[in-house]
Amino acid sequence: MAVKNFGFSISRPRTIDMDKNNLRKSNEILRELPELQACIGCGSCTASCSAGLLTQFNFRKMHTLVRRGEYEGVYKELSKCMLCGKCRMVCPRNINTRKVVLLIKRTLGDF
Amino acid sequence: MIYLAPFTYPFIIGAAFMFLIVVWKYAMWFIDLPKEDVQKIKKGIFSKATLYSVWEIFRESLLHVRIFKRSLPLGYMHCSLALGWFMLIVVGWIETIVYLGNSFVPLYGHVFFRFFAAPVLTEHFWILDFLMDFFLLIVLSGVFLAWIKRFSSRLVGIRRTTKHVLTDRLAMSFLWFVFPLRLLSETVTASIYGGGGFLTGSLGELFAAFLPSQLLSSLLMPFWWCYSISLGGFFCFMPFSRYMHIFTEIPLILLRNWTLRPTLDEKSYDKFEIQACSRCGICIDECQLQKVLGIENVQSVYFLRDKRYHMLRLATAQNCLMCGRCQQVCPVGINLNTLRLSTRAIMRNIPSEQRYNYFNGIDRSCGEGRVGYFAGCMTHLTPKIKISMEKIFKAAGEDVWYADSEGSVCCGRPLMLSGETDAARKMIKFNEELFRKHKITTLVTSCPICFRVFTEQYNLEGITVLHHTQYIASILRSGRIALSPEECSYVYHDPCELGRGCGVYDEPREVISRAANLMECSQNREHALCCGGSLSNFVIDDFQQQKIASSVVEHLLLSGAERIATACPLCRKTLSRATERRVMDIAEIVSERLT
Amino acid sequence: MRRGAWEDYQKDIADDKYYYARSCIRQNFFPGSEKAFLNIVGRDLGREVFDDPLHTSCTGIGYHSDIVPYETIMTVVARQFSLMHEAGFENFISSCITSFGIYTEILNTWEEFPETEEKTRESLYKATKRELYKPKNLAHTSDVIFHLRDEIKQRMKYPLVNHLTGEKLRVVEHIGCHYAKIFPKRGIGGSEFPYVLAGMIESWGGDVVDYPERRHCCGFGFRNYLVQANRGYSIANSHKKLESMAPYRPDFIVCNCPGCTMFLDKWQYTIAEMEGTTYGEAGQGIPVLTYEEMAGLVLGYDPWELGMQMHAVNVEPLLNKMGVEYDPAAKYLGPNGKYIGKPLQSVVNSSRGNTSLYDIKK
Amino acid sequence: MIMQTDVVVVGGGVAGIKAACELCQAGSKCVLVERDSVLGGKLRGWHKLFPSFTSSSDVIEELLNELKQSNVECLLGSEVVYISSTLCRLASGTEIQCRAVILATGYNLFDARIKEEYGYGIYDNVITSVDLERMFHTGTISTLSGAAPEKVAILHCVGSRDEKVCQRHCSKVCCITAVKQAIEIKKMLPNSEVFNFYMDMRMFGPGYEELYLTAQKQYNVHFIRGRISEAAQLPKGRLQIKAEDTLTARPLIMSVDMLVLMVGMKAPKQNALFALATGLELQPSGFISSKDLFLEAVLTSVPGIFVAGTVTAPKTIGESISEATMASRAALKFIEG
């Protein structure tokens, strides 16, 4: 079929569609590390982040997206993390953030 | 003498099998050694190192001096089995020479000498009989202790004994039977033909007195059969069990003295280290994860076991504080931390070209000077340390270039600890270039984690790398700053990375004693405890970290000190969470006492 | 229980004597619809509707595109009102949803801020020497059809029922944002569960589809369409609505607003051409009707007289379903039997294949 | 008919019952007036109480036992039409002359139908927190078709912190109730997935934060920060909900089998009538103002009229009961002069 070019294309929706998203990997991660659910979204991890100081990297947003089944680009984003461990020191909910980084990267693979 | 008896076949087959396997294994490992290692061997083989190794082999493989130092009963157990068995072989050899002169005796002729010799021997050398029985008794006492250890390890001086896998259990079961069966076989032989020393001879007389001779004659062959089978069985399983360490420790000692070391990349030398582990279990007791948290199955002994049998799980490899306490006490001297790191690298090192491209052009440093100060990520969470260092620099009149005052690229060690070595090397390269660009001659850091990677992995030729305690000690000595001591007592907590990691024990103590009263706790220096906050452990949760920290604080305060001093921002933060007492970095103490 | 939601949102709709304000988009793209409205209300149902040639565009498109200032549009609207007064009418009905929204908004502004009314009065006088008279009743033309739905039902020729199976037709209704989202109380049924079109559909035998994106914008969005670079955003909204309604397998869409009719219809063509996605049974597209066309079909008007050949999505499958009698060959013949030209074959209509019929009378 | 007493307690919920008990135990005469035909108020509709999962019937029973022993005169099914600090007139025409009044008239539940975008009363499987408690009472949670829901969304702040429905105030207890209900759902249906949509988690009381953490870690309840904007019915009675996941700054849609609306507390209309008749001051939220928030929380601007429980603001059961004790003590002090 010939695809016509009208000078614009259909913008992709930014909506997170929880029905279409496959939550298998997300559930796998939560099973291994239930404490990740305890995140209250305070953002101190991102605020203290060494990589976040140098880039747009936002750890809180990344793991939240993963929990919603939005995996695309997360592996690449998480590769910005230097694993220095500051976030773990400041997390008010005692989440083992470094494990979260490694676990998500391991579970998602290069997605 | 005719050395032909079918019961020897199990032994012959077992011994031949073991010999072939062991030779084949060593050959493969040696062939796989990288070129540098082969060069080292060539250089070391005709040097004093080889002579020293012979002494070390005798001391550690036979006498087990290091284990003796740890625990007398445990040392005796290892020594009795190793030395006792060795002496049985040596004296057995002498025995055949004495009795038979220089005529050829096959291997099994030595081993089963009593069986072949008893019916034909007419005269006995009591001293040989005595020695053989004596060493048999020694070995038997060792076996007895090993039994006891299985039931109650505490009696042998360790709290936990190692859990084994199937081949180990099989080999161990055969081994347990070897010497009691030897005793029985020789006793029955002595009861029929006479002879034997104080043990087998006396027991033989006793048997002859109370048991019918017909029964004894019918028991003779079955006992020798069993003895041969247990020996053969043990030899069959030996190369696949932990008993491989019996032989492997010998080449390991040689190779180590020829300066071979494991590296972050896996190599053939690792196999010698892995298989030289006797699974004595000393590392289990030393491990705080076991002692405080009751976590089993992750300690070095299990790590090596799982790695050897290719059943290592990531969760095991990652559940380690890498404090180095086990390495400190390992009687075989295995480089446990390096092995764990290289293993993590095998499991998790994912090279990526694109990774950390954002480093390009980053330079958030400020100030100018020949001395560079790298606070480290963790120090940014303990700003007081940073401010104290700035104050100290100012007092010393030092011109300082602050490498990471507005954020920086991490030193790379935390990532390296996760196994992602290639990515960590990108950070290392970046920081090396940054330091060179600013032409510093001295690099001071407040974080032992950074300090360790700077000294171990960075190529900083021409730059002196100092931990801030070393720097402070040097400016104190040269009188560039002076302190007014306070009437307060501190106990010093040795950070793992600074102490066992880099061998810095004295400078922190020197600085503290100039500023206040220094007190010591019993587990200090090489035996210091880990605070629990280690970046090497990816498994334990914060609650468990805190539990370790509490136990450490408790131990530190047994010294009677009022406050706790340390030299690591991570230790300081972790310990602070566990106590109401003040936990201070040495830099803070110094900056408060500056005159 | 369900009906309870819209009972709160009732409004007065005048019964007779309407001043009719046309819609820019409707009269250009669906001229048959406005004609049909005048015929149905004026001729069939005997109401007086005045179609004033003097009135102008309300300039709503310019207003919503940030080109026409509020003061200006208030004056334009004031002129329409005085024209209505001059013609002797009090009940203002507009064909366009955006106009309706603007009239409502302006009347409310005058009510809340009387000084703006005074200013408009002055401007109107300065510009046209006319006096401002506000309408007694303001309604959208769909309100009028809704009001007269039972009378239409009595004359109904083709109910909204599949004449082959007897099943009710599933109808998606779209009221248009400016109808009830600005002032929900001014729309029948409010903005959450609007009833103006639903009432017609139910009266005439159809079933309303309540799908998740029912309240979503059609995608016109003025600036989002008018600037070409933004059209991807415009079409994405229509795409979202179509994706959301597709699982309900609607037989057709009926729109309140002329703009929505146009976009839900024509974007189906664009989506099909751009990525090959077609909606509706056998990928023939979902026909999009104006409510006048729907009323006209129900009353037995000829579909080509209603202007339904102007749609991007072919309506024949719907006509066949309803059992409407029509001459397929006459599709592209104008009122005087002259060939008006026909569109090129498109993906959305490709499954119909045989179009040679139309060429016979060329 | 004219009655005479020391104190009239208006409202037979937990606060009213407790206040009446205290008054009678202290030896004063009191009449408890309740509009309903039974005592217990809104608590009757509740199954278990946060954060301890105490059975609410236990609490009511305990209070009613105390009431029985205190010989309180209760007028059930009696609506108050006029009130002042000395007189209470009922719909039946009965007049009660008194020396002080304790208002314990409580709150009304917000009518979820007003937030019509959520479709309460329109869609089959949109229910309120109260409906859910009713289901807990029966022991089964099911959709209209009778099936156990696999996915449940709980929406906080329905009729709270929402100026669109003239409810600016926070109803205080809904957050923790939502956490409690999420846990109860997970306990009954371990395979279900529960999503709580919240704006803020206001875990102000003892043990609340811990319960929140338990819900997250132990029960894997998903908490998504964002208010649901609308619900729509899908085929087979399922619902599609839309919200923004504000923590990722992305719109979010999902389909659920059941949507639970955490309805807030609304000030009853009669508060305004009372205020008009007696001169009581009202807060902007419509709840009655205390004389002083700190030192005289149970006093009002009118001497002789005291307040207890949620008549002044949303409160927990525990807070209402302890306030009742304070109010009765203040009323006694007042009539003793």
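We call the chains A, B, C and D, going by the order they appear; numbering starts again at 1 in every chain.
We adopt the following convention: contacts are C-beta pairs under 8 Å (C-beta built on N, C-alpha and C of every residue); 3 or more make two chains touch, one makes a residue touch a chain.
Keep in mind the model is a prediction, meaning the values are calculated, not measured.
Peer 1: When A-D is set beside A-B, which has more C-beta pairs in contact?
Peer 2: By number of C-beta pairs in contact, A-B is the larger.
Peer 1: Measuring from the mean C-alpha position of chain A to the mean C-alpha position of chain B, what distance in angstrom results?
Peer 2: 39
Peer 1: List the centre-to-centre spacing of chain A and chain C in whole Å, with centres computed as mean CA coordinates.
Peer 2: Result: the chain centres lie 45 Å from each other.
Peer 1: Could you state the distance in Å from the CA-based centre of chain B to that of chain C?
Peer 2: About 83 Å separates the centre of chain B from that of chain C.
Peer 1: Among the residues of chain A, which are close enough to touch at least two other chains?
Peer 2: 13, 35
Peer 1: Please output the residue numbers of chain D that touch at least 2 other chains, ranges allowed.
Peer 2: Answer for chain D, listing residues that touch two or more other chains: 253.
Peer 1: Check the chains against each other and report every pair that touches.
Peer 2: Those chain pairs which touch are A-B, A-C, A-D, C-D.
Peer 1: Across the complex, what residues on chain D touch chain A?
Peer 2: Residues in contact with chain A: 201, 213, 216-218, 220-223, 225, 245, 247-255.
Peer 1: Applying the document's contact rule, which stretches of chain C touch chain D when the two form their complex?
Peer 2: Touch list, chain C to chain D: 1-2, 4-5, 190, 192-193, 210-215, 247-248.
Peer 1: Hey, which residues of chain A end up touching chain C in the complex?
Peer 2: 1, 3-4, 6-13
Peer 1: Okay, in this complex, where on chain D does chain C touch?
Peer 2: It comes out as residues 113, 116-117, 121-122, 230, 232-235, 240, 242, 253.
Peer 1: Of all residues in chain A, which touch chain B in the complex?
Peer 2: By the definition above, chain A touches chain B via 35, 48, 50-51, 53-55, 76, 79-80, 82-86, 88-91, 94, 96, 98-99, 102, 106, 110.
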